[in-house]
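Two complexes come next, and they have one chain in common, chain A, joined by chain B in the first and chain C in the second.
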Partner chain A sequence: MKYETDVVVLGGGGGGMAAAKAADKNGANVILIEREEENGGVLNQCIHNGFGIHYYRKDLTGPEFKETLQEELEHTNVKVLNSAFVLDVNKDKQLTFVNHKGIHEIKTKALVMATGARERHFNSLAVPGDRVAGIFTAGVAQKYINLQNLKPANSALIVGSGDIGLIMARRLHLEGIEVKGVVEILPYPGGLERNVQQCLRDYNIPLYLSHTVTRVEGNKRLGKVYVSQVDENRQIIPNTEKIFNVDSLVTSVGLIPLTDPIKFVETAPGFITSNTNQTSEDWIFAAGNCTVVFDLVDYVSREGEKAGKYAALYAQNQYFPEQKVKVIKGKNINVLHPMYIDPNERTKLYLRVSKTFKRAEVTVEPLGIKMVEEEARPSEMIEISMKPFKDKNLKEIEVSARELG
Partner chain B sequence: MNSVEYKKKKVVCTTCPLGCKINVIYADADEIEIVEVKGNRCKRGLEFVKQEITDPLRVVVTSVKVEDGEIPMASVRSDKPVPLRLINDIMKILKETKVKAPIKRGDVVIQNILGTGSDIIATRSVNRKK
Partner chain C sequence: MIAVIGSGIVGSLIAREINKYIEDVFIFEARNGIGTGVTKGNSGIIHGGYDDTPGSLRAELCYKGNKLYDEISQELSVEVKRVGSHVVALNEEELKAIDELEERAIQNGVQEYEILDKTELLEMEPNLNSDALKSFYCPIAGVTEPWEVAMQASRSLEINGGKVLKNKKLVEVKKKDNKFELLFEDGSSYIADLVINVAGLYADEVAKFFGDEVPYIFPVKGEYYLLGKNIKYANSVIFPTPSKLTKGCLVVPTVDGGFLAGPTAHGVKSKQDFSTTQEGLLEVREKSLRLVPTLDFSRNVVKAFAGLRPETREKDFHIDVGEGNVIHVSGIRSPGLTAAPAIARYVVEYLIQEKLHINLQKRENYLTHIEKVPHLVERDYDYWGRVIQEDPEAGEMICYCNKITKKEIKEAIKSGARTLDDVKFATRASFGECQGSFCTPKILKIISEETGLKPEEVLQNEEGSWIINSEVRMI
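For the complex of A and B:
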């Protein structure tokens, strides 16, 4: 079958649904493609609360956030294609996807990529030892427990203290699985402070900072995990080894933006976009974790809305940016999004600092924007709202952070 | 001289993702009296601290089994925070709980769990198996 539309949104998670909704509201015909049977992406299995505080001004769980968004989507004219997998996107604005009825083509005017991120796997850490059963990513363990009623462990160690790792420590503990600790290579926790409190301290689960897994051992099933302390250069300190007798190792070691199947757009490693979420290819917009990994689904959905809006305007020949100002990572900035700014539009800058600050001053120069952040940490995203700035001669701006005495 | 002992505590507010670190000084007598609160970025932080040093409250989130459902589990939560000290008991009850499909988001699964005044409600809808 052949379809023709104004905007295709690829991915039906928190970013994609919001994008489709916004594109529809801005007058475009929209097709949303999701590879799973139902929309929602990772929201379906994130049954904990803490979602939606910015976007809906309510404290929701993942499934509640998803169903609310889904209901809003059902009040639009968006055509949703589920169980559909996109094989190819070509430069002639044509997509090929497959579902149970066969192979189909879509001709579109604009595309929003909302493909999210994938979990880094344990094998990417190159830890010596046996390759045995019992090593899962946190997302896989979460899917087993929350959706499929399976118990993936009797006793577990968690590696990585990002939010997913912390939340899974609590989840496993409450399901009667003995959680012997959370191991983090950095000297500070990777996740939000509130999650360290309500997931670890509340249940007396130890957090081993500046520690790393050095070896795994087992016969078919995992039996032992060796953990050592590391110094400030992440080098293992001799004679600090601890042995944990566990049958499971749950990894939460980062997310990688997923940009498949597009190969011809600027990435680093996620899609590089402007403040209107436009990529290096005029007609392709991108939002959410396929650009950079965000702290909150609220940010992802907000970015999705923006991508949907500008994609719709682009498809209707109403959006053509004349000027793009480059945003440069200055001192002490690790992650920066977006990388380009259309100065005629508003901007939300998202950034992560590269180390912990007691009190940081974040500056955007030469625009003269200054912001003071108490306890700035790499794990907590900082956002800066910027008004349009019409300066024809401005080619680039620089964002940097410094410690305030 | 006042003989009441002042206590210091560092509390992490879990009300929102900001996770303010709040330093509180309080008098732990018959009735807790807060002397000083520092570090909260909003009023909710103050309320949180008062609660946290008397009886910490948390929202319970988990899944319960579904009979005849399209998927085997439905996620649930307490509609209000419940005392942290009761969470293990509540988990035990929910582990034994089964609901029948169809179930809609917001449906009450257990009313007033353990007399806390909080209901356990479904956080997703599950259709009947076709």
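For the complex of A and C:
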């Protein structure tokens, strides 16, 4: 079958659904494509609360957040194609996707990429030891436990203390799996303080900061995990080894933006976009975890809306940015999004600092924007709102952070 | 009945070769997968045959084997990419090694080589260490997926009336008249007229069951990194100049677009020690970066793994008849997979026919060519579309990284896959960048639905490698 439309949204997670909704609202014909049977992306498997506090001003679970968006989507004219996998996107604005009915083509005017992220796998850390069953990502554990009612462990150690790792520690514990600890290579927890309290301390699950896994051992199934302390350069400190007898190692060691199947757009490693979510290919927009990994679905959905809106305007020949100001990562900035700014539009700048600060001052120069953040940590995203600044001569701006004495 | 002990690349190709003459051939494999021994963890290189010790059986069979891979690739529908190889000299000292290789090549009768100077070399391999002075280039060297060759050869055996039995570990042999009674760990037994022992690391132990002595086999570990597909590090196989012990740490483009760096070579105690080590992985990084400085071990690693070489003090293949109608194919160290097709012929044409005087006639009904169900994603869209018309599950994507559909996974299960690794090696599902984070729960469910196994009974690979312990709660 051949389709034709104004805007295609690729990916039906929190980012994609919001994008489709906004593109529809801005007058475009929209097709949303999602490879799973259901929309929602990672929201479906996150049955804990903490979603939507900003976006809906309600504390929802992942599935509740998704249901709310899904209902909103049903009140639009967006055509949703589920169980449909996009194989190709070519420069002539044509997409090919496959589903159980065949291989199909869509001709579009604009595209929003909202393909999310994949989990970084333990295998890619190349930790020495035996190759055994029982080492899996937090996402896989979530799918087995939350979606398939299957218990993949009796006893577990968790690597990575980001929110996902913390939440999975509690989840496993509540399902009767003995969680012997959470191991974190950094000297501070990766996730929110709230989660450290509610997921670990409340259940007496130990947190090992400045520790890393050095070896895994087992006979067919995992049996032992070796953990050692590291110094400030992440070098292993001799004679600090602890051995955990567990049959499972649940890993939550980072998300990697997914940019497939597009190969011809600037990435680093996610899609690089402007403040209107436009990529280096002017008809392609991107939002959510396929650009940079966001802390909250609220940010993702807001970014999705923006991408949907500008994609719709672009498709209807109503959006042509004349100028793009480059945003430069200055001192102590690790992640910065977006990387370009159309100075005629408003901007939400998201950043992560590269080390911990007691009190950080974040500056945007030469615009003279200054912001003070208490206890800034790389694991928590900082957000800066910026008004349009119609300065024709400005070529670039720089964002940096410094400790306030 | 003719029995082949071991379903590695060598065993399955031997079984297939015999099957061209005799229908009644059985492969007995101790493990629950085909080609999961030495055949699974190696460099996958089809060597040029230039560097094996002249006069050795290795040298004789390696070059012949290399040539036979065109036929193997066609007949078994397996991928062989003749990407060529460079042995690279990085300093004056190493230049000598290039001269020595040339001499060996001449002695081994290998004509397909060229000595390239720096400019030519760097033109072909721009990512190489710019210190490179010269290379010994061999255009007939290539890469393949060894387990795939083994799997296709055993499929060919089954299609032609032979049998492939897994979970059959040979534990004892009794002589009965001129025959052998083979006793397996699971209590079953079979009577064989002729036995070929191709038990890889264990060929010396299996030989003892027959009362024969072959050179003692000790394991030498090789550790590797597998790097992702999104960076192109090299176009061909890149070797350092060889040492007496090994061909060194290499950079190898794999058949499906990734890269291997490795292997190391260190003796280990146990034939079951497939663990990677800190020292080994560090060594791989250091040595391979010397060849290709752009290798990205911080961000581009898919995984690390290790393989074990069946080494002997003689450093040569030992392929000979034992007491009675048994042939021991042992000491099949590198370049065993290159030599495998030639070993198969050597066994049938020389050992069986000439040494054992068994007269063989080619079968008339033998089907030489077998199809591989090609991955749908590798076919054109028209074809794929037609397949979906007949079976909608051909349009249902399960593995997103390698793009494997539900139909392909179900077909693998129909042809005997029972574990996650069976499905992985048969289809490449969960073999991609996400290493199964998206698809393993789905594959487990499909295996369970298709076979009636409970989720708790589905294994990663061997007995003991359970995935699911129980249900979370009763529903």
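The rule is short, and it goes like this: the second predicted complex is superposed on the first by the 405 of 405 C-alpha atoms of A that agree within 3 Å, B and C clash if a C-alpha of one lies under 4 Å from a C-alpha of the other, contacts with A are read in each partner's own complex, and residues count from 1 in each chain.
Operating definition for what follows: a contact is a pair of C-beta atoms (placed from the backbone, for glycine too) under 8 Å apart; a residue touches a chain by one contact, two chains touch by 3 or more.
For clarity, every value in this text was computed on a predicted model and none was experimentally measured.
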| item | value |
| --- | --- |
| Contacts of A:192 with chain B and chain C, given as first, second, both or neither | first |
| Partner chain in contact with A:147 - chain B first, chain C second, else both or neither | both |
| Which of chain B and chain C A:224 touches, first, second, both or neither | neither |
| Which superposed partner A:61 touches (first chain B, second chain C, both, neither) | first |
| Touching partner for A:93 - first (chain B), second (chain C), both, neither | neither |
| Partner chain in contact with A:85 - chain B first, chain C second, else both or neither | second |
| Footprint overlap on chain A, comparing chain B with chain C | 145, 147-149, 175 |
| Touching residues (chain side chain A, partner chain C) in the complex | 35, 83, 85, 87, 96, 98-103, 118-119, 121, 123-126, 128-133, 136-137, 139-140, 143-145, 147-154, 175, 214-215, 217, 219-221, 260 |
| Residues on chain A engaged by chain B in the complex (per definition of touch) | 44, 47-50, 53, 59-64, 66-67, 145-149, 174-175, 192-198, 201-202, 295-296, 375, 380 |
| Sites on chain B touched by chain A in the complex | 12-14, 16-19, 21, 56, 58-59, 61-63, 65, 71-73, 75, 77, 84, 87-88, 91, 105, 123-125 |
| Touching residues on chain C, where the partner in the complex is chain A | 225, 274-278, 280-281, 297, 301-305, 377, 381, 384-385, 388-389, 392-393, 395-397, 400, 403, 433-438, 440-441, 444-445, 455, 459-473, 475 |
